[in-house]
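In what follows, chain A forms one complex with chain B and a second complex with chain C.
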Partner chain A sequence: MIVFKDISKIYNIGDETVYALDHVDLTIKEGEFVGIIGPSGSGKSTLMHIMGCLDIATEGEYDLDGQSIDVYTDNELAAIRNKKIGFIFQSFNLLNKLTIEENVELPLIYQGVHAAKRRTRVAEALAQVGMSHRRKHTPNSISGGQQQRAAIARAIVTRPALILADEPTGNLDSKTGEEIMALFQELNIAGHTIVLITHDASVAAQAKRILMLKDGKIAEVRDDN
Partner chain B sequence: MYIITNALKNLGRNKGRNFLIGIILLVIIVATAIAIIINSTASSIIDDYKGRFGSEVSLNLDYDKAINEGNFVDSGENGKGVEEITPKQYFEFGDSKYIKEAQYNASSMINFKDLKPVDDVDDPDLMVRGYLIGSNAKNISDDFKKEARKIIDGAMYRQENECIVSQQFAELNKLKPGDEIEIILGKDRVHKLKISGIFEDNTMVSGGDAAQFMEKNPMLNRNNEILTGLDTIKKLGAENVTAAFSLKNPDDLKAFTAQLQKKGLPSYYKVATDEAGYKAVVGPVENMKKVTTTFMIVVLILGAIILLLISTLAIRERKYEIGVLRAMGMKKGKVGIGFVTEMIALTFACLIIGLSVSAFASQPIADSLLKNQIQIAEEAPTGNTVSHLDFGASAGAPASDDAKPLSELSVHLDFDAAIQIILIAIMLAIVSSIMGIVYITRYEPMKILSERN
Partner chain C sequence: MIIKSIKMALKAITSSKMRSFLTMLGVIIGVTALVVLVSLVTSATKAVTDEVASMGKDMLSVSIADNKGKPLKIEDLKEIAKDRSIDLISPKLTSVAEHKMRNGIKSSDVTRIGTNGSHFIIEGYTLASGRLLKHADLDNNSYVSVLSNDIAISLFGSTDIIGRDVVLDGVKYQVVGVLNTPKGLMAETNRNNIYIPFTVAQRLQTDASTGNGIREFLLTAKGADNVSRAEQVVKEALKARFGDDPEAFHVYNQNEMAKSIDEIYKVFALLLGGIAAISLLVGGIGIMNIMLVSVTERTKEIGIRKALGAKSSSILVQFIVEALVLCLIGCAMGIAVSAGILAIVNGVSSGAAAASAAKMTFSMSGTVILVAVLFSTVIGLVFGLYPARKAAKMHPIDALRFE
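Our next item is the complex of A and B:
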């Protein structure tokens, strides 16, 4: 599903050349639950942005579902994000003016899904994350854990094959974090490919495969598959 | 459609911000709509009066030019005198393809054969005791329209050699319609005219007490005027002619001037329109138009700047929304359409309210502005732009001294004005959306989200 071939992301800061990703080779198959661990500044977020088609590599080739994304235009990449990838951010990134239901509905609106079908899919997604009872609330009026559940519902409502989660438990207490991780396990069992980026080893430990990033280079730590 | 529906919902979701932008839009739309409505009406009035005043042409002696060209205004001395325009020339000038209407007042001094003029004096040497007046000009008929003179017996002259005489003159000479009178032109040219009607003359009444102290002179008494048709006096030979020409198109002034000069009009005669009269009547409206145009431009510039600033501030808040939407895979175009739709919907609502408000408010504002401009015009020192020297025969548009400024302006919203207002509203919607579009196209979603995080 995901193939990184000699991917590098280079930033030029003044006269200095910084490798955020340094010749990374990586393959993630469909249905995997991969945890990517690494200290701050190791290149985790850069990796996720490239994987999520939010950024492009300076060098190397990225194939998603057998096709190189280098050939896609900005709008085509947006369409790929909308259909194939669900994002979950550390800070949830919900829109505060919208209710939870409306937040979850947004990706479907822009996909052009019919209103009746939208309502069904939103209800299903919210039920899957246990947030049906909070659907009329705004993000400001619910807890962090509930906000992250809502963000997960928004990520899965379009039924993407790939879910990219960037420090999904970073802003949550340990108990809520565990609940969210349990939810990821359920989603993986349901068939979603999950790539989880974290600096917390205990969170990464719940993934079936763990990769370590350090100074832009990647190394395999564990593979239970 | 779903993007538009969502955009409309967004209007309600961001009430505070949209209310603020809406108020500013409304103020700009109302101000510009009032200015456009007033301008539109003022423009059509100005065009109308320009047509009227611009088409009425006068021939005036350019004193300085005449002197510079070696002519002496006083022809008694050495050198050539200023050439006067002869009655024959006036009639020739009126025969032009550029002329819509030529109004003539022609007169000749006359004496009467076997008839007594009113206020006669016992002077056998007196050769002139009245005037034969022939005219097709409006001011003659105006005397009758205003009832300063009115036919009390018979009818107005219709055919050649018919005339009307005053009641006093008729009573003095026991004349009635159908009678013939004999007038003497020049030294001894006798001509018969048939009386078609008798008129009552009230034009002398205004002389009042002063008239009682004036020396009796039949020439000064308007009751001795014999009124006849222009054709009759043309045939008999007019001594004095005044003419007012109306051009078919005010733009033909140059061509008409060239034609007159070709027909013998000396170059030191100025062919001019009644600019002073135009200024007196339409000046306040023109000034009002200038004020409203300036006001509109200032409001539009300031309004656009304020809108840009507010939308820049508002977009900072929406930047995050753009980031989230783009990260979720919304195309730039779709996010842009959503934003533009919001602004267009808001602008459209403001446009409806603005048009209604301005339709009611424009009339009192126009009245107030016009009143103000008339007051300014009245207080300002007046000056005539054309030096007007009358040397016997002259031609001129109606005197501008009596011209009263337009004191009422009935403003209304017409189709053209409505289109202009709608175009300005669209422009405002674009200005309001422009910052959003810039952010959508310039910034990548991760940059926006990482900045926020």
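Our next item is the complex of A and C:
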């Protein structure tokens, strides 16, 4: 479903030209659980932003579900993010003014789903991550692990094919991190394609396929498929 | 989507109540100024024009600016009054005179009006004691006077002064009558008058250019049906005398007077409303300022929302709705404050009315409320647009990276 063809992302800093991604070729098929590992500054975040349609490559072509995303307008990209991609961030990125329930509801609002349907979908997603009992809380009043679960609920509430996780366990203690990783395994079994970006080898090890990113270039490390 | 945006806006507004209130304060003050000032002026206008219109619908007032060397005499008025449409006619000569107390130290300026007995009936004044001016007073040039109630009290400390003398510019006039305090708003200006026979007043006039003619007179028609005929008769008589010069004389009826007062007050209302609108505009700038701060503070939120699939238009709508809701809440508060202020003004004015006999009720006009709401809406949209566009145009990655 994801095909990177000779993708480069180039930044011009002063006179210097920096390749955040340097001619990357990559294919991720539906249902895969891919870990992308690399030190900081290796271009991980840039890779995730392009994969998540938050940013556009300078060179090369990105096909998502057989369609090059070059043709889309900003608003169409927003719709694609909304329908096809669920984001999970290191710092959870929940809106603190809203309750957990309202946070999870947001993507559905932007999709234009009716209120009654939104309620059932939100309830389902929260149940799936075991957060139903915290739905009326605000993010500030629950633990980091619970916040990440809520963020996962928000990512899956639109039933996206692809889940993009950027250091999802980075702000959590190791036990909570393991629980979250277990949740990812469940989601993968349920059919979601998962791309997990991390600098932590032990976290990446739980993926079925591991890619290594270094200086903007990608290399296959392991593929259990 | 709009309902959801309004809910989101309310959430954002209530999450920092103090800041939201301070932001709204500009709009609250602007709306209050607009509504209160315009309501006061329009209520006052209504009271005055009602009064003028009710004050003898059958009354005409004539002023002569240029007598073309052919001064109008009492006899000429009598000639005009012969027409069947005219009831009463009364010349009027107003001047200021100095009144000296008997001890010669204390003095005060009073308004001295030379006229005849009909004047009191035309103006609707009633006697408290004594008698009005008579024809004989004019014919004999009698040095007699009729005093307004207030002036009698202020000069003599009593209204029981028939037969005593009042000294104006060194001339003694015997007091023959004292009037009751007139009712109504316009009467306020006529409370310090001393009335003397017109012929006597004319003698005092040394201004040669007037040639001792009548420069002002009042008349009443026989019933409201005869007003237009009476007006026609007077105009023709004066035209015959002074020629076809539109500047030579003016005949006013009460409706015209009410109209011209209305015009003057309308200008007032516009002027005050305009000033208030400027303060509302300043309030709008305050809103824009805080919205810009808010957009910067919420950069991360905007990034998250965009990552979750919010279109630029959704972000735009969200922030515009927020500015709009701020403005409209401020507007509602302003209207509530205005209602409170007008209620207080009414309380004070009805307390004062018991003493002065003048009564005015101030009510909020629907038009000004509508104008305030519309103006607040426009301000919300205009001043919300720039910050909202700034938010909508943010790149999702830059916004997400923002800490």
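Everything below uses one rule, namely that the second predicted complex is superposed on the first by the 225 of 225 C-alpha atoms of A that agree within 3 Å, B and C clash if a C-alpha of one lies under 4 Å from a C-alpha of the other, contacts with A are read in each partner's own complex, and residues count from 1 in each chain.
Convention: a contact is a pair of C-beta atoms (placed from the backbone, for glycine too) under 8 Å apart; a residue touches a chain by one contact, two chains touch by 3 or more.
Keep in mind that what you see is a predicted model, and the values were worked out from it rather than measured.
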| item | value |
| --- | --- |
| First (chain B), second (chain C), both or neither touched by A:Lys83 | both |
| First, second, both or neither for A:Gln67, with chain B first and chain C second | neither |
| Partner chain(s) touched by A:Thr27 [first = chain B, second = chain C, both, neither] | neither |
| First, second, both or neither for A:Leu106, with chain B first and chain C second | both |
| Intersection of chain A interface sets (partners chain B, chain C) | 49, 52, 54-55, 74-75, 78-79, 81-83, 87, 89, 93, 95, 97-98, 106-107, 109-110, 112, 154 |
| Footprint of chain A on chain B - complex, ascending | 2-3, 6, 10, 13-14, 320-321, 323-334, 444-446, 449-450, 452-453 |
| Residues of chain C defined as touching chain A within the complex | 1, 4, 11-12, 15, 300-301, 304-314, 396-397, 400 |
| Chain A - residues contacting chain C, complex | 49, 52, 54-55, 74-75, 78-79, 81-83, 87, 89, 93, 95, 97-98, 106-107, 109-112, 154, 158 |
| Interfacial residue positions of chain A with respect to chain B in the complex | 45, 49, 52, 54-55, 74-75, 78-83, 85, 87, 89-91, 93-95, 97-98, 106-107, 109-110, 112, 115, 154 |
